[in-house]
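Below: one structure in structure tokens.
A, B, C and D label the chains in the order they appear, each numbered from 1.
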């Protein structure tokens, strides 16, 4: 484990804030793509290369960096929506909440009993912060596509935590990562396209005919 | 032997005395009205004459109409067998006979009212409704009194309650017994449809209770009805007299005479009430009955306070 | 000596098989007759089994090992079970026979098979309940009873009120079953066995015992229709086919009584307040029941309310017995229980008899409204005679059976009045007049029913051309009427049975040497009853002899000068009850619509008066409606907005984390 | 042989995919289901040895769930033939592929001893179900599918994180990192409590979302309401039990680690929440398929309470897994028949089912009694076992609360369903011409009969399985 990974994780933090603050869906998609690629690189950087890790990296970069963004962009094009409408709280408050969450993540991470080799690394705080960012997006954004981006960021958070286990049980990590990706593509992509055929705009706040 | 004679006297009195009470009452009322009044034995004459008359039945009536007076009379007679007279135990005395006594009157009431409804006349229906309503309101008063008696005499049969009814009780819990006696008197009047509940010789159907129920009876049937009614008056009167006049002399003869005398006095009392009071408005009747129940309930509580 | 259980089980099988013939038979009429025959055979087997059980000294039990994880089941016919078997078998057989005439299969090809089937199942389950000694078997039978009765009362009619009545019955019944779940679970906790313990096995002093008692009161009280748990009862009885009403009122609600008796018999040194509770519940049920009955003009609803009243009387008996045993007065225990049990039998007979009678009347007049009947005694003399018997019996009047049981309860009360330290527990003294009032009101009510429905002149065309019921309907009524008269005239005959049962329920009683004969001279009652009959006979002879010798004329009813009286001028049920309804209007809340008559030539107006289900319509429904509206606030949580659903997840997560954090801290 | 158990459905899916004929394709399902059931029974008869280095073991708990799933699927498969015969207009390829895939995943979940593998299996069921919920291809179903998908995917993610925590707990404790059940149970006491606790919570939330514990149940009414009846049956009877399988595995680890209190309390809390929610939403519920969904929420909560309060309630809860699943099958299948015939699942548009669909009507009526725990159905036994267990453990308050909630729920269900069944049909009601047919009535009937049979007689082998499962979950501990 080297500190270079930490620098990349700082980048992840920044990307979290960007996506929280951006109103343009296009940007959100791109940010998610970049974050995915960055995370995809980390494993092969921090460990000596093994087929497992290679598989993970290729998978992450390929799918999160290119495939999913492509799907999402297609959906955006078909529906022709550019921006998310303002979330409940508005962008600035959301970013502030995100900042608070990140701070809390750092505090919380210090409390946790980590393995010695993981002490004073950014992995755990980054994981928690990204997780929270994902949740913030999911809770605050209304359009289906933005929620997909939120979900992808949530996954990224979990993946960051998984990085702590890459040498402990690589198979588990890749299984997890890949299955999540499967969810990401296979279902979200397809359903998004279905929705875009059924409804004029992909606005899940419109999907409220089923209640009580 | 001794008991056999007493039973004989008991039966004779129950069969013969009742109409006399009516005579006494009418005589008293006549006295208050300043008239000479009919002879004391007039009721006997009336009943006998009715008994010999022919009868007319309404075309709507059925066997039940004819059965009504008979069952009523039979029930009252059966009740008479349970009623001790003149400090002598009743021919039939056993634990719990007072309940049977009360319920036999119930049976009589059932058939009287049924017979009334059988005529299909709205007047008799009205009378039946009133009879049923008022007497079921009088029921609690009667039973509260029975409770008091049972408690005071710690016995569960009429003979026990009334014959062993200790005159000392009047000193012990006179107030309570006075209340109870009052309640019983009200019950007596209500059950026998005397003033202030009902006027036996009014002829305005709308205001009558018992009389309007029996409007359609005639001849022997009517005779039965009248006799049954007088018998009922006699029995309830006897109950009342036993409590209010707990006169005990060792001598049987004197006791019997005292009893008859007390009954006559009671009849006079009723007559006095009838001639000094006016009939209540029907709507007030339930209130009077309920207050009778309250009186007796209060009496009960007073008696319960002193444990036996 | 032949085994009672064998006979009883034979009875169960025969009764259960009675549902089949009509389903398979090509000829419906024959199928129905076969079903009835099977029921009668079942009754013969079952009744003989019950009598055998009452005759023998030791109780026989069978253990059945079945494949469920609650231990082997056990069935047994002890005196109590035997006593309840008698009405179950008799009444169900009567119902089956009655059905042949009342619900003929060839006229109801669609519903009759189902009805017969469910009656058969109902009978079998009823019998199973009273012989079950195992919680699960009991509950299973209990639920089968509830559900099969639901179907029996609903398959007949598809009208809305029938369905609503059924739904109400089913829902309330299920609540009762749930209470029984608690009852048996608690019992298991106390005995650590799923088998019902023997009499007096548990001390009633523990809080657990109190919980068991309350659970039993709720569960069995709902079934037996104690006020205020009775809300299901009137509409259910009123809307079921009459013979189903008969079995419901005669037997089904008695299962609640059976359960209650069984439940309290499990305990020793019972606290005094249990008895007080039962006595109070009895008084309230009795009064409320009869008062509501007076207000009814639907003959079956009226009878249903009288079931509530009689359940109240039975409970009073039980209360007296509990109070007695807890105060160490065995006489009270004996008289109370004996009275309650005898009244259970009696009510089973005369109430079924009355429902049969009501059924024939409805069959004949095509209405349940008393005010549209009238003059039926001329057209259906036998039905009228039987109904009259039932009416006199249910009013508790001598010389019929109703009197005997009420008399025993009275004796218990009075015994308590003179024995007990009454000022500290004045309950007996207050209960006796209350019972008297109930009796008086019942009398008023049944004079009304009989007088308005059977006497006077027909109040509608249908009742004018009504017809006497067929033999299949008359025979059961005759049997039941005979039973009423028999028990009423010779009560000493049933005394030994009662004594056996009571002793089996209260083992301590035998030691005290208290006997029924010692405290209640039933012999004298029967003497007086016979004397009464004798007097009636004598007076009748005298009267006939007199009539024969004097002219007899027939004329119109005296109309006080009015010469053309019509049927509509007769006193109606409503007007008959008007005064009493007015007295109790605070409780009954009658809906009356009094028209305003004005002018010299007033227009035609109509007067309406109706007594609603005050407790249901005035209390329960509004309450539930209110709660439901409050709950709709919670319903908003399922608003369909996805991102908020996700918020729920986040909140749950964080809440759990925080909770665990603090849990670990402390 | 176990491999076959999982491979067979996949082959079936392949076959379904290859079959071109929309009419003949559904026939694949009963074949798969039948063979699968036979295999299951064979496996129950004699237990195979562990495979794949202990990753694959068929333990009693797995046996129980496997049996339930297999029976349910077989009935649903037969039903689907009759059902799809009515839906000719619509391609059933996805359905015929998804069902076997789901069966395969569920079988895998039953036999996997490695938590990671279990997780993969359970989540594949989630994925396989998504397109089936979307079978009707209309706006409502897409909405339902979308909600189901997003919420369950978040659940997936949470569960994954939970597993990571669990693994990390081993790392922190300097132990051989593993997610195999046996070693975990062996070394559970040494694991780092903080991470273990976190793992429990995240796994609970993850699987809780899956089985639909309130307030994580929000997707349930939508999905159950919009999915075809047989899919609903599999969701309520199959997937829920797989989710509980996951919960039970965590429960085992808790027991081994000796830190059950918090997990139990959390389960109990969520359980009561779920029953409460169900009670509220069942009242005045006009849509009878959503009604069934809430009934499922109720029973999930009930079982959660059973596990949470533990001890005496465990055997009943284990049994309830089986009985509840089967009963749900009857309810959803018959509900689907009614829905099909009336083209509506709103109470106000459906009346007189007893006349139009006598078989479905009676089945639905009896299933209503069964699901509300009326004797002599097996659900009564299980519910009564749980309740009496609660009382026996001195949890009177919990027991009474549960009873009250049952009362409310029965009232709500009866008030909605009885009018539907016994009401009088009218000309104003829609009629699709659908009537009861052997293939659409026999399966629910069979399921009901099984429930009834289990209510009066439980075969000895099954009892052994139940007892062994209860023992695994520390009955009496």
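We take it that a contact is a pair of C-beta atoms (placed from the backbone, for glycine too) under 8 Å apart; a residue touches a chain by one contact, two chains touch by 3 or more.
Here the structure is a predicted model, which is why all the values come from computation and not from measurement.
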Any chain that touches subunit C and subunit B:
none
Any idea whether A-D or A-C has more C-beta pairs in contact?
A-D
Centroid from C-alpha atoms only, then distance subunit B to subunit D, rounded to Å. What do you get?
77
Distance between subunit A and subunit B based on Cα centroids, please, to the nearest Å.
100
Subunit A-subunit D separation of Cα centroids, rounded to whole Å
31
CA centroids of subunit A and subunit C: separation to the nearest Å works out as 70
Enumerate the residues of subunit D that touch no fewer than two other chains.
146-147, 150, 154, 194, 221-222, 281
What residues in subunit A touch two or more of the other chains?
138, 147, 204, 207, 209-210, 212
Looking at the whole structure, which two-chain pairs count as touching?
A-C, A-D, B-C, C-D
Which part of subunit A faces subunit C closely enough to touch in the complex?
135, 138-142, 147, 204-205, 207-212
In the complex of these two chains, what residues of subunit C are touching subunit D?
66-70, 136, 139-140, 142-144, 147, 154, 158, 163, 166-167, 170-171, 174-175, 177-179, 181-182, 184-186, 188-189, 211, 628, 631-632, 634-635, 637-638, 640, 642, 645-646, 648-649, 651-653, 656-657, 659-660, 663-664
As the complex stands, subunit C meets subunit B at residues 374-375, 377-378, 388, 392, 395-398, 403, 407, 410-411, 414-415, 417-418, 421-423, 426, 429, 432-437, 439-441, 443-444, 446-448, 450-452, 455-457, 519-521, 524-525, 527-528, 531-532, 535-536, 538-540, 543, 546-547, 550-560, 565, 567, 569-571, 575-580, 583
Residues on subunit C engaged by subunit A in the complex (per definition of touch):
635, 638-644, 646-647, 650
So in the complex, the part of subunit A that touches subunit D is made up of which residues?
112-115, 131, 138, 144, 147, 151, 154-155, 158, 161-162, 164-165, 168-169, 171-172, 175-176, 179-180, 182-183, 186-188, 191, 194-195, 198-199, 204, 207, 209-210, 212
